[in-house]
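Multiple structures are listed underneath, in structure tokens.
Note that chain A is present in both complexes that follow, paired respectively with chain B and with chain C.
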Partner chain A sequence: MITEPFTAGNSVIHSVDPRMKIVFAVMLSCVVAVANSLLTLSAGLATGLMLIVLARLDGRAVLKRLAVVFGFMALIWVVLPVTYPGPAIIALGPLQISQPGVVLCLKITLKSIAILSILIALVATTTLSTIGSALHRLGVPGKLVYLLVMTYRYIFVIENEYQRLMRAARIRGFHPGTNIHSYKTFAYLTGMIFIRASARAENVYRAMLCRGFKGQFHTLGPVAPYTQNRAFTVLTTAALIVILGLEIWNRISL
Partner chain B sequence: MEQNQPIISLQGIYYSYPGRRTILKDLGLDIFKGDRIGLVAPNGSGKTTLFHIIMGLLRPSAGKVNIFGKERQTEQDFMDVRRRIGLLFQDADDQLFSPTVLEDVAFGPLNLGKSKEEAVAISRKTLEFLGLDDFEDRITYKLSGGEKRLVSLATVLAMEPEVLLLDEPGNALDSGMKSKLINVLNNLNITYVLISHEFDFFSETTDRIFSMEDGKLLQDDEVYIHTHRHSHKVGKQPHKH
Partner chain C sequence: MHIAEGILSAPVLIGGAGVALSGTAVGLKAVDYERITRVGILSSAFFVASLIHVNIGPSSTHLILNGLVGLMLGWAAFPAILVALILQAFLFQYGGITVLGVNTVIMALPAVICYYAFRPLLFKGYKLAMAGAFACGFGSVFLAALIMGLSLIFSEENFLEVAALIFAANLPVMIIEGIVTAFCVAFIKKVNPEMLL
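This part shows the complex of A and B:
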């Protein structure tokens, strides 16, 4: 099940118009993604962490989210330093830890954690429905927005249907194994989920027609008053300028 | 419209799903203003199909559909019908697709061209009428089965329909939720047809019971509410049927 643990709260970040959060999240992550110097990336990470602190998120829950990339990072740290060409810092027998390799690992790590924490602080603090309506008001076509929102809505129904089918198979003694019978059963299960999903889609569409749907989606406007827009804009713009400035200065001075 | 003219009138309706036997055969149905009709028939006898034909979601292969004194044939005709007749689907998950309850209830009114403020006001009023005041920010997929049922009723009622078609509304409701639903139906004061398999539910909510057989509709006589003696376990405890 997907949960939205960060959406509850009344911090500064939670009281910012979701449109702004999305726009700044996109700008900040783009800048950090193309940045190259360690200094800029550290500034990006600092911004991300500052935003998380401002959102008053539970540190442990944030770490759990970040854990997704930690595994990936570990792999990079194991492979890159010994395979990347360049002058060695230490030689461990036949293995040479290359200095550019370590720097590259550090950059990748900083970059991913920075972007992820920016997204956690700005995007994960907004419910998907609010993100949907914010995207719509930012000019994203209604059909795309509803594709996103409805996919999210029906993932749970489809997951339930999968669980039901799986239970039905299990109570009749089905144990998945490496054999044709198991593959066939999973193929049937998958097929059945697709059929049910399409039948569901048809019913949902009918229910929408019954409620006067004419192909035009209307979204309800902002619900909560967003009181911290100005402070947020000043702060994130400042962060953006610092990061950009550092990067540009760094490239010029090279 | 004359008072004694049916508001929904079907004549000689035939319908069959591809590759299956004809499910509706020469079906006729008249519904008058103020009718509170219960529809009981075995599974697969075409009750839901009948509702979908009234809403124009399915088109009969033969027969006339006359609703609110006008013959209905095209999609355009049925758009007007759908505005004035509300259909409660059998599965509430089909009906609730917006993330939050308020947005889902407001979907219908917004489609009818109401402003956001009006739509929100109507939705709040409807939720309040159903005793769901504090539900507006709840997430639809996290509601319980009974709550989903009541919220989907709210989404239909927010359209302010003249007629309600309810497809097994009492399904999967516990006794508390069911009595709440019965209460709501009795306070609504509009024409409705409801499908159910429970006669106890009918006796509290409907005046007439129709049935279906061989693709035709059987209009029974008026329902008489009666009591009968019977025995079952813990029958000495005060209870309701």
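This part shows the complex of A and C:
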């Protein structure tokens, strides 16, 4: 099931204009992504965690989302320390654990978790339809926003359809395994999903035309007042300055 | 298949974003609102397909089907895949904002290449069409893994071993994608051939 667990809430972060959240999420992510020193990356991580705390998100749910990067992190922690050239800190039999390798792994891990927490705190706390309208008001082309909103609208419908086809297959005794029959069944199933999706697209577009669609979605009703814009701007700008300052200071002093 | 945040260097991220942006612009220009509704709904189908897990021995992999999307959409695969990746990043935090460009290129560029390379074969006889579709499924994941490996190596040359491991791990995925794409195209050709036109 596809859910958006972080969108509900009335924390400081939830009462900020989504446009500002997107702009700051992009700026913070980019700055952290190009940063290089351990100190800057720690500041980035601290910012991300601070934003998560401010958004009052459920710690366990956040950890579950952060876990998506653990697989790749595990892979680099296993490979890089032994393959990276440089002075060894410990020798385990024939394997040399190189110090620059460990530092690089640490940097990547910090960076990855920092950017992900920023994404969770600022973007995952906004519903997708709100993000769509915010992106449009930020100047993203209408067609792309339309595509995003349309795709989002239909993933739930198509996921239901997939579950229905899968249920039907199971009732007929389908047990997925590693064999051509299973792959063929999955192929026919996805083929059916694509065919139904395509037919649905035609009907949906005709129905929209009948209702006077001219390539634009209009927001009905007043938007909830965003009361925390100023506090949020001050806070994130300060964090941005600290991160940038640390990085520049670090590069000059090298 | 996607690269997580925090791994790639700035030049690779910027290059990826540039290519993704140009591809998306070309793709969007090619479609009007009537076709874009179809692109959006097929993009959701692509998103859902990535939730389908198939077994390989004791392990499992999810379908990618970027080759199939390329066959059906051509250049519009760029915006379709970009949007599906934005949704994956926003809803599940797979990938993220700064790697969005690179991840789009990893999936969409092979899709467009396969569109030009293998689409003509689909309208030949049954055997050629099946072979073309297999090559399309196999090739799109092969190229995706290749671009992914190259972006890792261009970021940091010591990623060579990691990149090689990832590429090797994707070899069985290429074969499965080839088989699934071939049967899928055969099915669509039988049931609703106009969809491929």
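We adopt the following convention: the second predicted complex is superposed on the first by the 247 of 254 C-alpha atoms of A that agree within 3 Å, B and C clash if a C-alpha of one lies under 4 Å from a C-alpha of the other, contacts with A are read in each partner's own complex, and residues count from 1 in each chain.
One rule holds for everything that comes next: contacts are C-beta pairs under 8 Å (C-beta built on N, C-alpha and C of every residue); 3 or more make two chains touch, one makes a residue touch a chain.
Note that the structure is a prediction, hence the values are computed from the model and not measured.
Clash-free side-by-side placement of chain B and chain C is the outcome of superposition onto chain A.
With both complexes placed on chain A, chain A has more residues touched by C than by the other of chain B and chain C. Looking at the shared chain after the overlay, A:Q96 reaches neither chain B nor chain C.
By the touch criterion defined above, A:P141 lies against chain C but remains apart from chain B after alignment on the C-alpha atoms of chain A. By the document's definition of touching, both partners, chain B and chain C, reach A:R200.
Touch criterion met: A:G191 reaches chain C, while chain B stays clear of it. When the two complexes are overlaid on their common chain A, residue A:I120 makes contact with chain C while staying clear of chain B.
Using the contact criterion defined above for the overlaid structures, shared-chain residue A:T236 touches neither chain B nor chain C, since it reaches no partner.
Once the two structures are overlaid on chain A, chain A sits at the apex of an angle of 80° toward chain B and chain C, using CA centres and rounding to a multiple of 10.
Of the two partner chains, neither chain B nor chain C is touched by A:T47. Shared-chain residue A:L128: touches chain B and chain C both. Put simply, the nearest alpha carbons of chain B and chain C end up 11 Å apart when the two models share chain A. In the superposition on chain A, the residues of chain A touched by chain B in one structure and by chain C in the other are 128, 150, 152-154, 157, 200, 204, 208, 213.
Interface residues of chain B, counted against chain A in their complex, comprise 52, 55, 57, 79, 82-83, 86-87, 89, 91, 93-95, 97-100, 102-103, 106-108, 110-112, 116, 119-120, 137, 139-141, 155-156, 159. Of all residues in chain A, only 127-129, 132, 149-150, 152-154, 156-157, 200, 203-204, 206-214, 216, 218-221, 223 touch chain B in the complex they form. By the touch criterion stated above, chain C contacts chain A in their complex at residues 4-8, 10, 13, 24, 28, 31, 33-34, 36-45, 47-49, 51-52, 54-57, 63, 65, 68, 72, 79-80, 82-84, 86-87, 89-94, 96-98, 156, 158-162, 165-166, 176, 179-185, 187-188, 191-192, 195.
Residues 2, 4, 25-26, 29-30, 32-34, 65-66, 68-69, 72-73, 75-76, 79-80, 83-85, 101, 104, 108-116, 119-120, 123-124, 128, 131, 141, 143-144, 146-148, 150-155, 157-159, 162, 176-178, 180, 182-184, 186-195, 197-202, 204-205, 208, 213, 215 of chain A are the ones touching chain C in the complex.
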